[in-house]
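Both complexes shown next keep chain A, but they swap its partner, so chain B is in the first and chain C is in the second.
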Partner chain A sequence: MSKLLEVKNLQTCFYSKDKRIVSAINDVNFSIKKGETLGIVGESGCGKSVTALSILQLIQPHSGMITQGEILLNGQDLLKLNEKKMQQIRGNQISMIFQEPMTSLNPSFTIGYQLISPIRLHRRCSRKDAYDYAVSMLHMVGIASPEQRMKEYPHQLSGGMRQRVMIAMALSCEPELLIADEPTTALDVTIQAQILELMKQLQRKLQMSIILITHDMGVVMGMCDNIAIMYAGNVIEFADKYQIFNYPKHPYTKGLLSSIPSLDRDVDVLNTIPGIVPSISNMPSGCKFGPRCQHTLPICKQLQPKSIQVGNDHSVSCWLYEQEGGES
Partner chain B sequence: MSDKGLLEVQDLCTYFPINKGVLRQKVGEVKAVDHINISIDQGETLGIVGESGCGKSTLGRSILGLIKPTGGHVLFKGEDVTNMDFKKLRSMRQQMQIVFQDPFASLNPRMLVEDIIAEPLRIHESSLSRNKLQSRVEQMLELVGIESDAANRYPHEFSGGQRQRISIARALIMNPEFIFLDEPVSALDVSVRSQVLNLIRNLQKDLGLTYLFISHDLSVVRHISDRVGVMYLGTIVELASKNQLFNNPLHPYTKALMSAIPIANPNIPINRIILEGDIPSPANPPSGCRFHTRCPNVRKDCDKTDMLNRMIEVERDHYVSCLLYK
Partner chain C sequence: MAKYIVRRIVLSILTFFCITIIVFFISYLAPGSSLDYILANSNMSPEEIELRASQLGLNQPVYKQYLTWLKEFFKGNLGISLREYRSVTEMIGERFGNTLLLTFSSLLIAYFIAIPIGIHSSRKPYSIGDFFSATAALVSMALPGFFIGMFMIWIFSAKLGWLPMGGMYSSSAEHSIIDLLKHMAMPVTCLALQQLGNVMRQMRSSMLEVLSEDYVRTARATGLSEIKTVYIHALRNAMGTIVTLFGTSLPFLVGGAVVTEQVFSWPGIGSLMVTSITTRDYPVIIGITVVVATTVLLGNLLVDITYGILDPKVKYD
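For the complex of A and B:
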């Protein structure tokens, strides 16, 4: 399978209040194949959402910019495209679902209006065709009596239904890549299960790739093929989910996995990662996980580790594996 | 259920009126908590799980008297809290405290951490000298693992996990026996969440506290609780010890809820029960068993038989409110 999207050395910076430039993500590398699901996992503020917004170039020009890197979609660098060309890609080849189904729909337009406009924009079809197509999309995402719903406003729908509408909207142009930014975080578990199941079904049907951004290890393990773990703006580990779960390499990944309370066994004291996530304006030098890490080497404080291959498609950014990587 | 419960909840109901029209006439009610019976023993943690809107928080707040219940009784050490006069209730509250969900909203941003933690003391023990007050605050900060120079700072200078520790310190300063923890870790990141969970557990061991722990996260509830109650639309549908509930869930809703939880282990095959539809509105709950509209094992008399208040003891201390086990 060929690579659908490849992100290379991506760096996005923001202007801070005192006119300094701080980088929210640094040297981010990952790739995703056709039909595959990639999970990006990390805690709040680690740069997951910034990565997603950077791919679609939705960073507000007055607040920040992409300073480095390449984003290759089918070999074409999106960063070299002008705004008009980019507009044709957004919602068409790459589309996105946002976290808050409550706020990402416009409250003053009907569901129908909001569904039809992207279809009309990208498809050049008649109003009637677009309407019929929108109804069939609502039907596909499992909304009962779709004609009725087309006339309703977002506040008349429940959270789960709104997220279904968002999915219908995102998929209406049959994108090759769907970026889902915490699609189920605001939903209850039973509704979350419904939505995730729906996404899986539609993925099989439409043969699309999904980038799933979440902080929930459980969701990622259930949905994804590959996982990228992010910490403080870097992808610190990248591998398939079995590798990540069974043989995690980075101390942060290990800590993260062992600090989740389990449903099938009892533990007396949960493992913890000491300290807190550093803020982006005050990053430690060297390895950014250094101050919270229990295996620090002298070099960790001086230099940021590079990503090293430690196995088949398993890369990790940690000085502990530098030697190992050199040998293999 | 044992007879020496620290807290005894009998037939508790909390209804909210729905008012409509110019005259704001009452046209209906939301039955947020409907005929609930539970008891919590000394030193025990009772976990309550359920989805949003099922009445978990209302249950806890009604127990503390923060919301006046519509009916039923709450006995704390044998004394009825529900119809106590204000003065007595206030002194009772020294022994019953609460930790809120959102550590960003529950601490006053204009108050110093010291004042936040000392506020309960100022109210209940107003004669205390300033020095004594300070030393108590320092004690509390040490207890929850925050360095003592934090006392002279403002809440915004702290991270979510630290703020939740401050909330816990505020709840602990009156040496309460009972603490209601309302989703105390839902707003926290995974790596910080485990720190706060461990703190909550250690404090219970050291101080002999009794907890009512509410969460929508079953794995957190399993970790922290001794017994667990599952709530759906204002009623408790299953109540059992942690091991009974997790090894042998009986109510179809509990089963569905458990299977819906994403498990952070790709080696375990997933076998999901996907529930159809949304949670019905509590203003207009379904007749009979409230779960029958979404239940995969629904029988024909489920919509007629009122299951309110009917807990069937299937095995010792394992109660379920479902016709399948009649």
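For the complex of A and C:
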């Protein structure tokens, strides 16, 4: 299978309050194939959402910008496109659903208006056809009495329903890639499962790829093919999910996995990774995980590790594997 | 909705009565009656004045005066001016149009200019353009109307001689639209300048808030152009502030710009108010106040209904 999207050396910077430029993500690399699901996992503030917004170039020019890298969609570099071309890609080839279904729909417009508008934007069709199509989309995402819902405003719908509407909106132009930024974080557990199941179903139906951003390891296990672990603006480990779960390499990944509580073992204190994520304006030198790592080598404090291959499609950025990587 | 409107109307009527009572009694309590003014300024004898007072019902107890006034009000009669001996309704009526023409066109111009500028500054906060618009807004809000007015008269009438100094029509020429526009140019600009700043800043802050909302990002993510995102998706949500602002400028719309009308001797309600106050023409003062108050009540009712249209979340009961 060919690569649908490839992100190379992506760096996005923001302007801080004192007019300094700080990078939120640095040298981010990953790729996703057609029909595949990639999970991007990491703690809050590690740059997951910034990565997603960078792909769609939704970083507001007055707050920050993409300073380096390439984002290749079917081999075409999105960063070289002008705004008008980019608008044709947004919502059409690449769609996005957001974390907050409660606030992601415009409170002043009906569901119908918000569904029909992107359809009419990207597909040349009559108002009537767009309406019928929107109704069928609502039906597809499992909303009962869609005609009625079309006339309603977002505040008349529950959180789960709104997220379904968001999904219907995002999928209405049959995108090749869906970016889901913590789509279920704000929903309760039963609705979470329903929404994820729905996404999986629709993925099979529409043959699309999904980038699933989450910090929920359980969700990742159920949904994803490949996983990118992010820490402080870097992808520190990238592999398929079996590799990640069975043979994690990076000390941070190991820490993450060991902090998943288990049902079989009875423990008093849950496992955690000591320390906190460094803020983007105050990054440690060398490996950014260094201060929290239990296996630090002298070099960790001086140089940031490069990404190295440690197996078939398994890459990790850690000095501990520099030797092995050289061999394989 | 219907229930809510009925309740609002009933409340408005109650408020209206309160206003008339307060206005009427305050002017009764004010020191110096209009009769003193006539006495000091004319050569009428005290007996003649006594006669006049009884004709006008001024020697009756105040509550009776009020009830008479109220009865007449519902017949559309606001009393008789003590200065001109003419019907107050008529006097207000002939100036009402002039004032509306002046204030409405200045509001229109102010909103027309201020809204796009406000939106622009909110899209690029702390940019050079934003800085300039903030400075302009500050100047607009800080400069008093009479100063702008007199400054404009000094430049455009006295120095350059382009525009007439005041009034509504030239006395020599026939009443033409061109002549009217020439006379309107300065007072309208003067009034618009005074309001620009406030509208601009309000629009900016309201828009700035809306632009950081999640749903604006959603609109962008569907591939909508920036212009459509801002002017359709965001503006609709930011409009509430502007509706409120418009509601608060209603008294100005009807009551006229007292100072500006005076500076440009515009024959409107505002200048009538000033003359009436200086001559203690209480029936006219009461009349104007009540008319303005009534329009404000109606205006607020309209504003509340507009909220409901703009924001579907507003519940009416």
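Everything below uses one rule, namely that the second predicted complex is superposed on the first by the 324 of 328 C-alpha atoms of A that agree within 3 Å, B and C clash if a C-alpha of one lies under 4 Å from a C-alpha of the other, contacts with A are read in each partner's own complex, and residues count from 1 in each chain.
Note that a residue touches a chain if its C-beta (ideal position, glycine included) is under 8 Å from a C-beta of that chain, and two chains touch if they have at least 3 such contacts.
Note that the structure is a prediction, hence the values are computed from the model and not measured.
After superposition on chain A, the partners chain B and chain C are accommodated together without colliding. In the superposition on chain A, A:I273 contacts chain B only, with no contact to chain C.
Residue contacts after overlaying the shared chain place A:G218 against chain B, while chain C stays out of touching range.
Contact with chain B, but none with chain C, is seen for A:L257 once the two complexes are overlaid on the shared chain.
Looking at the shared chain after the overlay, A:K241 reaches chain B, while chain C stays out of its contact range.
Contacts of A:K80 after superposition on the shared chain: neither chain B nor chain C is touched. Rounded in steps of 10, the angle chain B-chain A-chain C defined by Cα centres in the superposition reads 80°. In the superposition on chain A, A:K17 makes contact with neither chain B nor chain C. Of the two partner chains placed by superposition, only chain C is touched by A:I89; chain B is not.
Superposition on chain A leaves chain B and chain C with their closest Cα atoms 6 Å from each other.
Applying the stated touch rule to the two superposed structures, the chain B and chain C interfaces on chain A have no residue in common.
Remark: chain A residues 56, 58, 62, 83-84, 87-92, 95-96, 98, 100, 103-109, 117-118, 121-122, 153, 155, 166, 169-170 touch chain C in the complex. Interface residues of chain B facing chain A in the complex, by the touch rule stated above, are 51-52, 159, 161-162, 189-195, 197-198, 201, 216, 218-220, 222-223, 246, 256-268, 270, 272, 274-275, 278-279.
Chain contact summary for the complex, chain A toward chain B: residues 43-44, 158, 160-161, 188-194, 196-197, 215-222, 241-242, 245-246, 255-257, 259-264, 266-267, 269-274, 276-277.
Listing the residues of chain C that touch chain A in their complex gives 124-127, 213-215, 217-226, 233, 236-237, 310-313.
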